[in-house]
Every structure is written in C-alpha cells, then in structure tokens.
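Quick heads-up: structures coming right below.
Here come two complexes built around subunit A, the first alongside subunit B, the second alongside subunit C.
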Partner chain A sequence: MSAVAAKPTAGGAVDMTAMIIGLIILLVVIAATYFVFGSGLAFMALIGIIVGGILIGFGVHFVPVGGAPAAMGQAPGIATGVAMLAAGAGLAGLFGGAWAAEQGVVVATITGAIGGGLMMAITCMFVTFIYVFGMGIPCASGKVAKDPITGDTQAEFKSQGTEGHGLPFVSYVGGVIGGLFGGAGGTLIYLMLLDLYKEELPAMMNALPGQVLPIAVTLAGMFAIGMFLVNAVLAAYNITGTIEGPHDPKFKRFPRAIVASAVASAVCGIVAIMIVAV
Partner chain B sequence: MTVKVEKIEGGIPHTTIMIAGLIASLVFLYLTYANVIMGTEYFAFFGGLATVAALVWGSHTIKHLCSYGIGTGVPSAGMIAFGSGVIAMLFATKYGVAAPVVAVILAAIIGLILGYVANNVLNMRIPVMIQSLTEMAIIGALVLMGYAAMMTGSFELTSLTTGNVVILGLSLPSYQASFLGGALIATAFMLGAIAIQHPFNACLGPNWTQDRMLMLAAECGFLSMITAAVMSMPLISMSAALVSLFVAIIGWYYTYTKYIELSRRDAAAWLDSKPIPEIVEGQ
Partner chain C sequence: MESIVFGIGITALAGALATVAGAAENTESDIGSQGDPNSQVQLAPQMGYIHRIFNKAVAGEPPAYGLWIVLGAGIAWAFMAMQINPILAIVLGSGIAVFVQGVYATTAYLGRTASLAKFGQPVYVDILKSMTTVTMAHAFVAIFATVTLCHLINAALGHPFPLPLLGIVWGIALGAAGSATGNPFYGKERQYQNQKFGAGVPIAASGNIVRYAEAGERNSLDNGWFSAKLGGPASGVCFGLIVFLELWRTVLFEQVGAGWGAIIIGIIMILVFTVIDRYIEVWARKNYGPYTKPTEEGSS
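On to the complex of A and B.
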C-alpha cells in the first residue's frame, strides 16, 4: 500500500467503553478538585478551563484545514496543518483577550473571540486571493453538491481527480466561526488561571500583588498556550488532519472531540491549579 | 486499520534510544545541581546538554509515531509534546532537588491519559500512540527544565521566578528579570518545539537514515542552545553564560559538519554551487 493511502481510517465510529472511561476520569478529576479545594476560586478555575478546552476542541472542527493537498490545489481548505492554524487563531485571540482582562470575564472573552475570528477572516480572505489570482483555481467543494449557505452548485467548478479546491463560501464562514470559538476558549482558560494566580501567588511567594503580577501573567499565559495546543492537536487527530468545514461529513465526529478535550483540559487544569494551591 | 508506512531497518532500536535519552537527560540535569552545592553558576551548560539528549530521543519518538501516518503533520507532535510537558515541568519545579524526577513521573501520567484519549476515545487505533505521547510529554518537560536550568543555573521554582536587577551598583531582587517573569519560558517553549519536530520533518522520505536524522536533531539542539546561552546572559554571570555559549558553538559546529557529511553520503549526487559565482571579465 502506498504512503498516500495509508492514512488511519479511524472513521466515525464511537468507542462507547472508552468514552465512558473518559467521562469517569473527568468526573474523578472534578470531584477531587471539589474535595481538596472546596467550591472556591480553584474549583471555578477548573470548570472554566474545561469549558474553554471544549470550546477550542469544538472550534477546530469548523476551521477548513487543507494540509498539503490544499497547497497543491487538490483539496479545499487553508493550505497548512491544524497546529499552525490553531496556534495562529488561538494566540491572536489570546493576545486580544489578555488586553481586555481588566474589563471582566464577559468583555475579555468576547474580545478574545473577536481576535481569533478576525485572524481567521483575514487568513481566509488572503488564502482565497492567492488561490484565485495566484494559482488560478476556482473555489469548489468536493463534499457537497450545493453550498449550504449560498446555494451555489459546486460540481461544474470541480476539476476531475481532485476533492475540490480553493475555499468555498461555507468554509470561509466555518473558519471565522472556528476562530471565534478558539479565541474565546483560549481567553477563558487564561482569565480563569490569571484570577487564581493573582489571588494565591502573593501569599505563596511572600510578596506584594503588584510584584508577582508578571509571574501570574506568564504562568497563566503559558498554561493557556499549552492547553490550547493540546486541545487543538487532539481535535486534529479526531478529524485525521483535514476537514472542509461545518458541511464536511467528518464534522459529525465532534462528540468524541468534546469528551477528549474535556478530559485533557481537566487533567492539565488540575495540575495548573495545584501549582499554587498545594 | 492502520498501515505502517516505513519500517525502521537496522540502526539502534527505539528502546535503546529511549533509555539512553532519559538517563542522559536526567544525569545532565542533576549535574547542574552542582551549581547549588559548589555555589557557582559554571555548571549551567549541563542543562543545555540535557536538552540535546532529550531532543535526540524526541526526534526518534516522532519518527516512531509519524511513520504510521497520523495525518496531522509532523509539527503537531512537537506541539502536543511541549503543551503537555510545560504543565508537568512548571508543577515539578516546586519540589526542589527532586524536580527532574517529579517532572518525569507527572509528565508520564499526563501523557498516558492524553495517549489513551487520542487512541481510544478519538479512535485513532495506532499501536504506538499511548507510548509515544507518554514519551513526548516526558521529553517536553525535560527539555523545558533543561532550558530553565541553563538560563537560571537552577531548576527550582524560587530561582525561576526571582532575578536580580543592578541599579546604581545596588543589587535588588526583581520578579520581572527572571525566567518566568520575563516570559523567557515562551521562547524556550518554541526553541524546543521547533527543534524537536524539524529533524524528522526534514529527513523523512524513502532515503531516511537513522544516523543522519539523529545528527540533525543534535544539531538543532545545539543551535537552540546557542540562543538559550545568549538569553541566559542577563540571568546568570557573564562568564558562566560565555561557557555555555562556547560549549554550544563547539557542539553545533561538530554536529553541523557531521550532518553535512552524512547528507553527502546519502545523496545520489551533489554539486558544490558556490554562494556567489565569480564573473570573469571579457567573456
């Protein structure tokens, strides 16, 4: 078998036993946090981290990731991998949200979402410019006969032997929605950890709140980036690397990614909380 | 159903590289503890050597995992390694002298759960998935701890968070001039994440050879170590930073020449195209 055909054929099947074991791990971590730290700031931080992680994992499914075939004009989507796209959208959102951290959770999370969505909108626009005017290929989806939003037919624009090419309108919209979810999720993790660290670090390090602020910001930022990448790569494993957007049949696999993101965020989150609370 | 695309034929088996990488990395990390015992900072460069050992092991783990064709690209493996490793590493620094061992154990637990989630919940069904993600998390934690030890001379949380600023001859404690407060950890994160994924990404293909990829991994490690040595200058004494820089440049030069030699050995043919062609007058 050639290297091209040897991709893992995980398919859409759901392994119920593994899902239940995953949910048990999740509940054990939540329960452990509740019994050790009570229902205070640490518990709220864990819940925020899990919600943020789920938003990231779900958001990746909207983003049209094309990978190497897209760069050769043989598949639709943005011509790079999930790790790069998610890092771009997530960090743009995280930086946007971090600026607004003092305005409260709601304003900062929305700002982060707008940052991620804007980054994806600009990326999708210039990707389309390069596809259309640089490579000379029209935008056509290979997975659906008609664009679900505009109703444009796709088949007559699709070249033979390809899975479609360029960035159809529905993929563009999916990319922006994915950026919104990713940016909001990353910012939420950052804000929750920042609140916790600002509260706990002065006592732990025996210093004034103003002095430890740089450390609180760095710790929260690094943990947010780390959890963002973990969730994004796990979601990428779920879609086996490429997806066209919300109209792709692979999108229906998202329940698996939600469980996976929740478990991964909970495990990483409890360690991030224990650094100040134990 | 998964099909393994490329087989590892000949060369050193993966288990040997794994054990050697883990032991070498831990030994080098503990050699930096000589700084605390002897009250100097000259042993900081052992932290850089620990990262090189872990990166060589890591590039082979990526080869081991990505030869199954995970479909997400090689860089994603480096990103998940450091994303999970940074969490274990920062928590482990609380435990003082036991930090490297705690980091390995905690990273193994996080990696094991992530591997189970990827393999079973996400239904990847790749035989080496759980083992590889466990190794990757350990490698991420060890590399970041190596950079921390190299830049600050120690791997304990207090010395990672507290630095010194000299104002008008007075040495004042400062939280901003530190490995964490100055966000040097973000740079260390990317230095390691790119160094770990590049060797296999550059060497993969039908004429992949193990010694060439591992040599490139060591070269990437030393190249990152040069940058880390420059970044260590504000945090440790200048002479200790220069020792690190010297070791890094020697190591980089040796591995780079060896890598070019191995690339020429494996190439079908090569032509030394001079950087600037000489223009001969009158032709």
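On to the complex of A and C.
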C-alpha cells in the first residue's frame, strides 16, 4: 500500500508499538512512585490522577464539536473547539466539586460531574435554541441515517450542500455525558492532590495545617486545571477536528486516547507529587 | 435562614453579572471576528473577496477570555492584598487586562491581515483605529462583570478557590458558552446574510461573505449591532443560567442529605433542560422541512 492510499485509514488506526511504549512508561511511573513513596497517600494520589485523566480523555470524545463549519450551519455540532468546550464544562464541574470537597470524595466527585453535565446541558440547549429560533434550521446529523436514541430520520432535514447542522438529540446526550465525565475527572484529580498537599505541606513548610490550606487549595486547583487541559487537548488531537458525539465513527478511536491520557496524567502526576513528597 | 437569604441574593447578583458578561463577551468576539466564523473572514480574500471586517482570531475565545479574566482577577487580587478597596481593585485589574486585550487585538489584526497581502487584502488603519477601542470597551464590561462575580463567589459565598483561580475557571467557561451559543448566529446569519434563511451555508459558498452594507462597505461595527440583537443576549442568558443554577443548587441544597441534595437537584435540572431541548428539536422538525422526500432507509 502506498503512503497516499494509507492516509485515510491512518487517522483511526491503532499503532501497537506506540501503545506498548505508552503502557511501559505508565507502568514505570507507577512502579517508581510505589518504590519511592510506598503505598501511602502519594501512590493513591497518582492512581487517582490517572483515573481522573482517563475520565477526561474519554469524556471529551462524547462532546459534539463542529468547529468552524458548525458556525456556518455546514456541519453538526457546537461551533467551537473540542478541547475548549470540554475544558469549559470540566472546569465548571471542578468549581462545584471543589466546593463540595469537605463532603468526601464520592459526593464531591459526583457533584463535580453534575456541574459539568449541567453546564453542557444548558449550553447544548442554547445551541439548539439559536439554530431553531435564530436561524430557522432544524437539527440533522450527517453521520447516521437515524438518531440512535429517538429513531428520527435525519437526511430529509439536511439542507443542500451541507453535512448536516444543529445538535440532534444523540449529540445533546453525548454533550451532557462528556460534561459528566470531564467534571468528575477534573474533580477527582483536584481532591487527590488536595489530600496529599494538606498532609505534606505543614511539615515541609514548618507551618500549621490551617496556614497551608490556601496554598494547598491553590496548588491542587492549578494542577487540576493544567492536567485537565493536557488531557482535553490530547483527546482533541485524537479526534482531529470535529466529532458529532458517541454515534460518530471517530468515537471508536477512544482506546488510543485512554492510553495517551493515562500516560500523560501519570507523567504530570508524578511531577505534581514530587513537589511536596521528595 | 439569614445566611441562606444572603446567599440567594449573592447568587442572583452573580447570575445577573454573568448575563451581562456573556452578552458583552459575544458581542466583543463578533466585532473582532474572534470565534469560529473568523475562518470565513480569513478565507474571503483568498477567494477574491476583499473586505473591511476586523479579524483578531489568533486564539479561541475560551483561552483568550481565560487569559484576560485571570489577568484582571490576579491584578485585582494583588491590589486587594495591598488593602485597596475591592471595587477600585477590580476596576483597576480589569482596566489593565483590557490594555492587554487591546495589544492582542491590534497585533492580531495586523498579523492576520498582513498575511493576506499576497491576495490583495489591505491593512486598513482606520479600521484598526475605530474597531479596536470598541472591542476593548466590550471586553472591559465582560472582564469587569466576570471578575466581580468571581470576587462575590470567593468573598461572599466562601468558595475555597482564590480569585485568580476562579478567574481562569469562569473565564474559560465564559468563552466556551459564548462561542458555542453566539458563533452560529454571527457565522451563518450575519456573514452569510445573502444565503437562504433556514438552511445551512452550502460548502461551495464558503468565503463569499457579505461585504456591503446599506451605505458603503460593511464593517465589524455593523456586525456587532446585528449580533447584539440575538447572539449576544442568548450567550448572556446561557452563561447567566450556568452561573446562577450552579450557585443556586449549591447554596440552597448542599446541606440537604450530606451533599446529595445538590446532586439530585442538578440531575433534575439536567433532565429539565433535556426535555426543553427535545421539545425545540421536535418543534423544528414539525415546522421546518423536510427538504427532501423521506426515504425508507434514511440517508446514506
């Protein structure tokens, strides 16, 4: 097969060598953390960061993003960038999750997830509102004949010369699910780092726990936002441009993003841990 | 009880500020052509359509607003640490952030437009002089309102994040909500006003944006006037609802059921918005189209 002929399939193909190298890096980082810091808080923080990163990387694939063509009603989805929309939703979730941090990991993580989901639900509803009442354009998918959830046929509502437009119901649901995953992942990373910093910073800075709390919150929040953007951008590269949601053929690329997110989160995570635990 | 009433008051004020911020953000980005429709503004000269539209899209709205609002919030926070009155500190912080936005807008317009020189697109200095200040004014409203709501969340509602961190969270969320809601209205309805209403822009028409106004050539102030009629307010209501409902469910229901109250209310609200979305979608299917005859197997 020539290089030109190989191009169209290359986007979705899984490069096994790269996957194996990625998994080896992941295992090395986990093993190094275990041997250096033991099975204590630092190790748990790393595992939490990796799980959070995977949730974010996976969640971004659900978000229906149409980019520039969507802004002209040429393609379905929300008219903005993949990473940025996911970041907006995930950070709104992180905001809620951080507020509920005192209620425990489970409640705070779910609160963060709901915060992200709510942000996406409102945004997606307004996208449909603008398309229907502002531009007079109904929703139509370009990737599937029928909406997998509602069974609505799509082709007859697609205007001529376009790939579809608006947010079909399955894309709306995908957006909300993406927000849920993003919010949960961001909050989990934040909570794990916060616990670690609250434990380690007083001894390190020779200060009372109450005095280091603002520093711990700020550091954990900054790392959580940073790692959120790392994972969202990685997933955006995996998607390459636009995606309609879980029914889009590009959605099947997610295993690659999960490995990439796990590796990137592990590498970023160990840096975040080492600033206090070494 | 008193604290809950106070919390609801702050929540309402933050929601109102967010609404103003969202409307100003979208109008600013449409005047500057910063959202996704900028692709057409950039493409038009390459297709032979020389225009007088401002073009400052060297970053997406969410990261750009993340930067400006975190700048405003960070500087305001530093002033507050110097015991300066919070209102004055926020005004000063927003003012300095707006100057950064102005530098960004100027260099972005010059850079993006100069790159089109080989297609014959001139750099209009009068456009630079008249549009930049207008985008700066709108940006000031958006930054001031968002930094103020972040300060309220931090100081009055007791969120643990410091002001600059809240600034980056809500700055990115503001840009995301504004670009998602407002972009299609500017991109399709305004840039392609010459295309049929009620249909997407055919891909073949890409680049053929409307370049003439009632008198003379259309500029970005005309676009701001147009998108302020629906795209801006809709973005404002969208961001206002996000901020208001997120705060409302936490302030009122966080103490119910050890945190589960806020979660259940959040799920109910997501379901309510899902029903509204589905209603609008079905309404559109009944009232618009179908454009072609329905087939048994649907589309291919």
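Note that the second predicted complex is superposed on the first by the 268 of 278 C-alpha atoms of A that agree within 3 Å, B and C clash if a C-alpha of one lies under 4 Å from a C-alpha of the other, contacts with A are read in each partner's own complex, and residues count from 1 in each chain.
Basically, a contact is a pair of C-beta atoms (placed from the backbone, for glycine too) under 8 Å apart; a residue touches a chain by one contact, two chains touch by 3 or more.
Keep in mind it's a predicted model, so treat the numbers as computed, not measured.
In the three-chain model built by superposing on subunit A, subunit B clashes with subunit C.
In the superposition on chain A, A:G81 makes contact with both subunit B and subunit C.
Shared-chain residue A:Y237: touches subunit B; no touch with subunit C.
Of the two partner chains placed by the overlay, subunit B and subunit C both lie in contact with A:M222.
Touch counts on subunit A: comparing subunit C and subunit B, the chain ahead is C.
Applying the stated contact rule after C-alpha superposition, one finds that A:G67 touches each of subunit B and subunit C.
Looking at the shared chain after the overlay, A:P214 reaches both subunit B and subunit C. When the two complexes are overlaid on their common chain A, residue A:A272 makes contact with subunit B while staying clear of subunit C. Overlap of the subunit B and subunit C interfaces on subunit A comprises residues 67-68, 81, 84, 87, 214, 218, 221-222, 225.
Every residue of subunit A that touches subunit B in the complex is listed here, in rising order: 1, 3, 5-11, 13-15, 17-19, 21-22, 25, 67-68, 81-84, 87, 205, 207, 211-212, 214-215, 218-219, 221-223, 225-230, 232-234, 236-238, 240-242, 256-257, 259-260, 263-264, 267-268, 271-272, 274-275, 278.
Those residues of subunit C that touch subunit A in the complex are listed here as 35-40, 60-63, 159-162, 165-166, 168-170, 172-173, 175-177, 179-189, 191-192, 197-206, 230-231, 234-235, 237-238, 241-242, 245-246, 249-250, 254, 258-260, 262-263, 266-267, 269-270, 273-274, 276-278, 280-281, 283-285, 288-295, 297-300. Against subunit A, in their complex, subunit B makes its touches with residues 1-6, 68-73, 75-77, 79-80, 82-88, 90-91, 94, 106, 110, 113-114, 116-118, 120-126, 161, 175-176, 178, 180-183, 185-186, 189. Here subunit A touches subunit C in the complex through residues 67-74, 78-81, 84-85, 87-89, 91-92, 94-96, 98-101, 103-104, 107-108, 110-111, 114-115, 117-119, 121-139, 145-146, 150, 152-169, 172-173, 176, 214, 217-218, 221-222, 225, going by the rule given at the top.
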